[in-house]
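Listed below are the structures to be examined.
Next, two complexes with chain A in common: one pairs it with chain B, the other with chain C.
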Partner chain A sequence: MAGIGDLFRQEIRVINLGLEAFALTLEQLGVPVIHVAWSPPAGGDPRKAALLAALADEEEE
Partner chain B sequence: MSIKSANQQALGRLVEAQPVLADCLPAEQAMGLTGRTVLHAGPPLAWERACATMQAAVLCAVRYEGWAPDDAMALNLVLRGEVRLGPCHHMRAVGPMTGIITASMPVFVVENRAQGNRAHVTINEGLGKVLRFGANDESVVERLRWLAREAGPVLGAAIRASGGIDLRALMAQAVRMGDEMHQRNVAASSLLARTLMGQLTRARADTQAIARVADFIGGNDQFFLNLAMAVGKACTDPCLGIEDSTMVVAMARNGTDFGIRVAGLGDRWFTAPVEMPQGLYFPGFGAEDANPDMGDSAIVETVGLGAFAMAASPAVVRFVGVGGMQEATRATEEMAEICLGEHPHFRIPALDERGTPVGIDIRKVVETGITPLINTGIAGKTPGVGQIGAGVARAPLSCFEQALEAFGSRRQSTRGYGG
Partner chain C sequence: MIKRSAYQDSVTLLGLARELRTRNGVLEAAALMGSPANKDLLAQSGLLTTEAAAAGVNDLVIVIRADSAEAAGAALSQAEAFLGARQRRLEGAGRRLPRTLESARRHLPDANLVVISVPGAFAASEARKALSLGLHVMLFSDNVALEDEVALKELARRRGLLLMGPDCGTAILNGVPLGFANAVPRGRVGFVAASGTGLQQVMTLLAARGEGVSQAIGVGGRDMTEQVGGVMTLQALDALGADPTTELIIVVGKPPAPLVRGQVEARLRAMQKPCVMALLGRGVRGRQEGSLATAATLEDASEAAMAMLQGVAWTSRPFSAPPTEIRTHLQAVWKTLAPERRVVRGLYAGGTLAHEAALILEPFLGPVATTLTPESAGRHSVVDLGSDEFTLGRAHPMLDSSLRVQAIHQAAREHDVGVLLLDVVLGHGAAADPAGDVAPAIEAARAEARDRGRGLAVVASVIGTARDPQGREAQVARLGAAGAWVLPSNAQAARAAACIAGGEPVMQSLLGSGGA
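And now, the complex of A and B:
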């Protein structure tokens, strides 16, 4: 845990996943940020996510 | 077959289709559309659920065919079941907006020479008061009669004389010239006119008739839209029935419902209430005047054009309410997230020659929650008004969720899933 203090004493560069509001706030503060538009599969519906997993493409050998 | 292999087969069949404009003939002759039948856009629709704009167009078509002298008597025929309604899609055809086709209307015949199937579509009527937007006065009927009496036969003779016009090559060139082929068809219409010019003069018709037809084509920037739609239908129909494929083969709206069909799920429609388009309105009109989205024209998005090719069409982005080129590029990139691949023939110069995204996968739509974006004209909700604007609409997520459930159930019962 000693390193966490060091983290904020150096330049912070952020990859933000999901909620864009966090990225926008950091941008306003001048923090370099890359936003990744990500959301849970099927909007987080576990039944649909299971169905999608069952119907996923198999990896080619 | 694995879903992946089935989808590769379906996508290959779609993008390697060879659509050729082969003829223009009355629907009765070309499609076997007989009797008192009115075809309409979208999934099946009962008369009482049809919006006022669709109803007005159906009654106008009944008058045009001479089955009834006025709307009241036309309505009686419909209510008594003496005029039947049916989707264009069920008769190897597509229609823009209301999508009306009856027996005597001339239709273009597009032949897919890779698979041997045919698709049909009416001649685009032009702008202003037209049947496809629900306009229904005598000027609309008179134009329809001229199309049947003069334009259809002249165009048919010219097309036959040409031996067939390669539409895939023409469309690939038009995409490079800035058409996305839903809201913008200037390049494709011009290329077609150039191709037809010599053949029109060789057609067996008097020079005044040729001049009228040439003026009609030249005066309508959207003339090619209907052909782009028939190409979409000709390319997607052979994919219907590839059992293990999750690729969408039709998206269509009837002003009440939005419907999709999926390659692996046969003729079945998956429907949900259609959404309102968002866009720009002609002066004097606003969102409160708009009819819910309608037309079979979303078949062009199904084959990787329209909103899917938005980045190819800088001239149209403002017209359809999209902010600018950056937003148009984002729209195309977003659609790529729900597609199986890129079109090998429809390439976008502004995106480093990448192909347009094509082959919507119902799994990707449900997984991402990204629904297909559709460029569309906006019809007035009051019968007789016609077009009042243009914009974009989204396909309802529910259609894709229902289709995925059905696909999962069928696959589980036949083989216990497996990719």
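And now, the complex of A and C:
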């Protein structure tokens, strides 16, 4: 909760993953934004990507 | 042409294909990633070459059909130039784009929000990464599994973070418009919305009357279901309750699960500020109890909010124009329509706007179908062209009007359709000229109906503000010039459609029987 209230008092700074148009709009409005050149992980296979993500989570823990 | 491992998003590719199609000598152009669904689309249009058929999901496929090899070659060079220019724009001066969330964070260390619009199958794991890094998330992507949504929201709640979405089309944080958002002023009204276009309608109507937005938090269409339990709605309400710039709170969405409704209502009643609940469903009646107003339509939500902010009583009204003006207009429309043409066909880009229109039409006209099937021919229908069944493999109708244009032409050929009901949604991220995209189809459909001596009424509303990139006035004027009757809100447009289709009795029940 405190986190959301804090956000209301901060400058919004955005990392954009996906549609480039969103990053371009924010840039035009002068909002700090960085666009990620994202591409589907694991050769675009959602099942493999989920397995990889789960492995990465385990490593973190 | 196939470009290996050159992932591009669907909106970029829509823009590219559109640009290629306008070239001299180009008969047809497609630019798509090589997913199975996209290859099906190519096959349907006869553009699936052997090379394209062999492409993988991370391969960009550009297919050109042209009247000469030179024209095709020139179009392909243009495609290369388009994509190159786009990348240079995003990279800025000599900076390489990061390829992962983690490296993006090194570029922008004090980032606090991640906007995710990657394909749904990959969206949840990116959102999980962002939350784990302590970042708030707007999850624009749809097709995210329900169990992923539940887990992500639980993680967000534990960490005191926002998880807006999935399928969150619109949000405004600290005046920054995210996703498909309108250019509205900053102000004192805070929103929690389980509906993107519903939120857009309420905030644009408020903006027209000078009231702005403190925060507009999208929670995703499923947040108030039993399974998700309203986790984000309640988090967002607590945050707005504590936010000193928010003087009034509006909750927008569809009817919640009973248990969730109880919790949301209890939170709203305990608020130290006035609240408006616009959870649109059958049988919802507008009313006010203390500082909590319940609105039956999106426009009523904005009216109730205005009244409460001004400390005056609020009453719902069917039209903002004087009854005599509406009557005169209706009588003129009826004269042009053959009596057997009284079926309403709603063709919508906004899901909640479609839902609202059906709720308004049903009490006057009886059951309203929500799909376009052979069985629904001859019946009233309101179709959300942005729903999953229509958007698979193509961009949303707020960006790409081709499906709606087809549906308008189709409706003109059906002998009993007398009223077309449309929404035109403006704002950042929406098409550059949405009214201009559908206006030629409206003109053609009306001309075709007229040639057959039948007439066709077109009723529309424009959801937007004067400051939107498309400009509301110009869009209203374009629709008006095409012969559409443009009303100030979706609710009023739906009532006008009900009057046209239902005739004198419906008009009288809405306007009373007196007057001209």
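In the analysis below, the second predicted complex is superposed on the first by the 32 of 61 C-alpha atoms of A that agree within 3 Å, B and C clash if a C-alpha of one lies under 4 Å from a C-alpha of the other, contacts with A are read in each partner's own complex, and residues count from 1 in each chain.
As a working rule, a contact is a pair of C-beta atoms (placed from the backbone, for glycine too) under 8 Å apart; a residue touches a chain by one contact, two chains touch by 3 or more.
Quantities reported herein were computed from a predicted structural model and do not represent experimental measurements.
> Based on the superposed arrangement, let me know which partner A:26 touches: chain B (first), chain C (second), both, or neither?
Second partner only.
> Output check: A:48 vs chain B and chain C. Expected answer is one of first, second, both, neither. What do you get?
Touch status of A:48: first partner only.
> Could you let me know whether more residues of chain A are touched by chain B or by chain C?
Touched residues of chain A are more numerous for C.
> Looking at the overlay, what does A:5 touch: chain B (first), chain C (second), both, or neither?
After superposing on A, A:5 lies in contact with chain C but is clear of chain B.
> Classify the contacts of A:39 with the two partner chains as first (chain B alone), second (chain C alone), both, or neither.
In the superposed model, A:39 contacts both chain B and chain C.
> For chain A, which residues lie in the overlap of the chain B contacts and the chain C contacts?
39, 41, 43, 57, 60
> With touch defined as at the start, can you tell me which chain A residues reach chain C in the complex?
1-5, 7-8, 10-26, 29, 31-41, 43-46, 49-50, 53, 57, 60
> Using the touch definition from the top, list the residues of chain C that touch chain A in their complex.
5, 7, 9-12, 35, 56-58, 86, 89-90, 97-101, 104-105, 107-108, 110-119, 121-122, 125-126, 128-130, 132, 135-136, 140-141, 159-162, 173-174, 176-179, 215, 235-236, 238-239, 242-243, 245, 428-429
> Using the touch definition up top, name the residues of chain B that touch chain A in the complex.
That would be residues 2-4, 246, 363, 366-369, 401, 404-405, 407-408, 411-412, 417-419 of chain B.
> Okay, in this complex, where on chain A does chain B touch?
Residues in contact with chain B: 39, 41-43, 48, 51-52, 54-58, 60.
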